[in-house]
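Here it is, the structure in full.
Each chain carries a letter (A, B and C) given by its place in the written order, and its residues are counted from 1.
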Amino acid sequence: MENNSPKIAELEVLLFHYGEPLPMKKISRLIGVKESECKELVGVLASSLQNNEYSGLMILEDGDAVQLVSKPGLASVNEKLTKEEFREELTPAGLEALTIIAYLGPIPRMTLDYIRGVNSSFTLRALLMRGLIERSESAKRKNIYEYKVSFDFLKHMGLGSIQELPEYEKYKDILSKFDVPQIA
Amino acid sequence: MSYELTLPHYAGPLDKLLELIEEKKMEITEISLAVVTADFLDYLRKLEGEHLDPILVTDFLVIASKLVLIKSRALLPSLEISEDEELDIKNLEARLKIYAEFKLAKDYLRKNWSDMPKMSSRVLFMSLGPSFYPPSNLKKDDFVNILATITNELQRIFKPVEIVKTEIINLKKKIEEIIQKLTSKPTIFKDLAEKGSRNELVVIFLAILHLIKDQLINVEQAKNFHEITIVKKEKVG
Amino acid sequence: MENNSPKIAELEVLLFHYGEPLPMKKISRLIGVKESECKELVGVLASSLQNNEYSGLMILEDGDAVQLVSKPGLASVNEKLTKEEFREELTPAGLEALTIIAYLGPIPRMTLDYIRGVNSSFTLRALLMRGLIERSESAKRKNIYEYKVSFDFLKHMGLGSIQELPEYEKYKDILSKFDVPQIA
């Protein structure tokens, strides 16, 4: 295997420069590698940062995009740097919706309503406004929005990716286990 | 926003249902759902009394109507129900089980959530200063189109809430009607359903369960598969 | 010597967060070490980054100030990203935010979020970077920024003033009705 380190350094520089979550597609194009290879590079950089105790940085990742952030363990310095405007308190309805979206996302509102037994439109709107979830048009069905948690959600939870949620795999497929009829 | 802001301490209908079943130390089954129906309706009436967000009350009523269907079948095994309604009953069971599963996950999120983010990131292009890059895909006329879309969407979202869907008839009115119809002589239950639609039957049942709670009437069912008769209770004293 | 790695990681987070050159004095205060010790930490971080071929970052020391920057060989990939980003047309989110700011400006982010039903932080930053909007502190409320379109943008659209926007009064009126409700 050829030496990947220059590509990995380029990847880190891109994330450092851009600051916000950078789509994997863009990264692949900019550093001139295939998307599958790009995922690998992200993995190498992530574990290199994680294992380097001198480094205060880490990778956030959701499959589509990557962001460079500070490690959650460095609470004392983090406290001094974080502005009050980033404070987000959760209501019970917000917590409930976020939990289901975190594990099952991307999901349409209908599925969320079905599981919660309530109409979630205002809760979703509030979470969107606060940047804790994102919506995008469903790949399968036009005019249907799907919701998933955002990178900011990961930052409040201190998680590197959604897969780090406990029992993620168990919950991910929960709907199929209960013989739920066709919803959304 | 009212849902989020005015009701932070109110649980949703499934939450309440689960709580009632757990109080009775029962598993989630059609039987246990029938058992807690009256308690659920009682709670719903309390909610209504507090003049809460109509959306929340509607959410409770939707679940209530499914419960009453379950209760109806438990009381009246001869009651014929459609495939859709059968599915509805099975669904409610499944939904409640899924909801129960998510309770643990919810606890995890609650415990690990930090109001302040635990990680920080940099803003977009932190090291660059602003320059001028005008879009070429924006013409003056586009403004009005964009604004029309936004205002339509806003009006759709913030329109006055339809309090209860047409399917769900106003409970209190129905209760009054039933009381008026009730004479001291026994009335056949099905005579109460004017149009005889399933939904109306369900609502009447709901109303009757209220009345049972109020101890205004007695429900008598001579035998399984027999029709229920309703007698207005004589006021004592 | 005690284990310095948490302090070094904190140092990196500080530099990552501020971006600009930080005086040694400020660093020592923020991470709670003596200035002499701080110099040492900077030295360790600098050589750790230098020797790590996976890392695209380095320490730049200028007199008494320290900055985290990308390694010199890697600047070209950043330039590519910057150019691409600004050459791109505005996204639907960008167009929407820009329009609302044009008609309602100066407005705070909260109002914009409320009307759009989604968080606008990233979109605002992108519009600021493109010079299409400007921000200034609210005259009424401290620590609240308000946004309006830039003079350059108006000129580019062939408008002498905001009032010349099509159906300006009508839409300003309609949108003003959807201002954020006064809630705690």
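Throughout what follows, contacts are C-beta pairs under 8 Å (C-beta built on N, C-alpha and C of every residue); 3 or more make two chains touch, one makes a residue touch a chain.
Predicted, not measured: the structure shown is a model, and the values here were computed from it.
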- Query: What chain lies farthest away from chain A once each centre is taken as the mean of the Cα atoms?
  - Reply: B
- Task: Quick one: name the chains whose C-beta contact count is the highest of any pair.
- Result: A-B
- Query: So which chain ends up in the middle if you average the CA atoms?
  - Reply: A
- Query: So what's the Cα centroid distance for chain A and chain C, whole Å?
  - Reply: 21
- Item | Whole-Å separation of chain centres (CA-atom averages), chain A against chain B | 32
- Item | Length of the line joining the C-alpha centres of chain B and chain C, rounded to whole Å | 44
- Task: Return the residues of chain C touching two or more other chains; collapse runs of consecutive numbers into ranges.
- Result: 13, 16-17, 82, 117, 122, 125
- Note on the structure: Touching two or more other chains in chain B are residues 1, 5, 120, 122-127, 157
- Can you list the residues on chain A that touch chain C in the complex? 5-6, 8-14, 16-18, 20, 26, 30-31, 44-45, 48, 52-57, 68, 70-71, 74, 76-78, 80-81, 125, 128-131, 135
- Item | In the complex, chain B residues that touch chain A | 1-5, 7-9, 11-14, 17, 55-56, 58-59, 62-63, 87, 91, 94-95, 97-99, 101-102, 105-106, 108-110, 112-127, 157
- Within the complex, which stretch of chain C touches chain B? 13, 16-17, 19, 69, 82, 85-87, 89-90, 94-96, 98-100, 102-103, 115-117, 122, 125-126, 128-132, 150, 152-153, 156-159, 165-167, 171, 174-175, 178, 181, 183
- Message: With touch defined as at the start, can you tell me which chain B residues reach chain C in the complex?
- Response: 1, 5, 120, 122-128, 130-138, 140-144, 146-147, 150-151, 153-154, 157-158
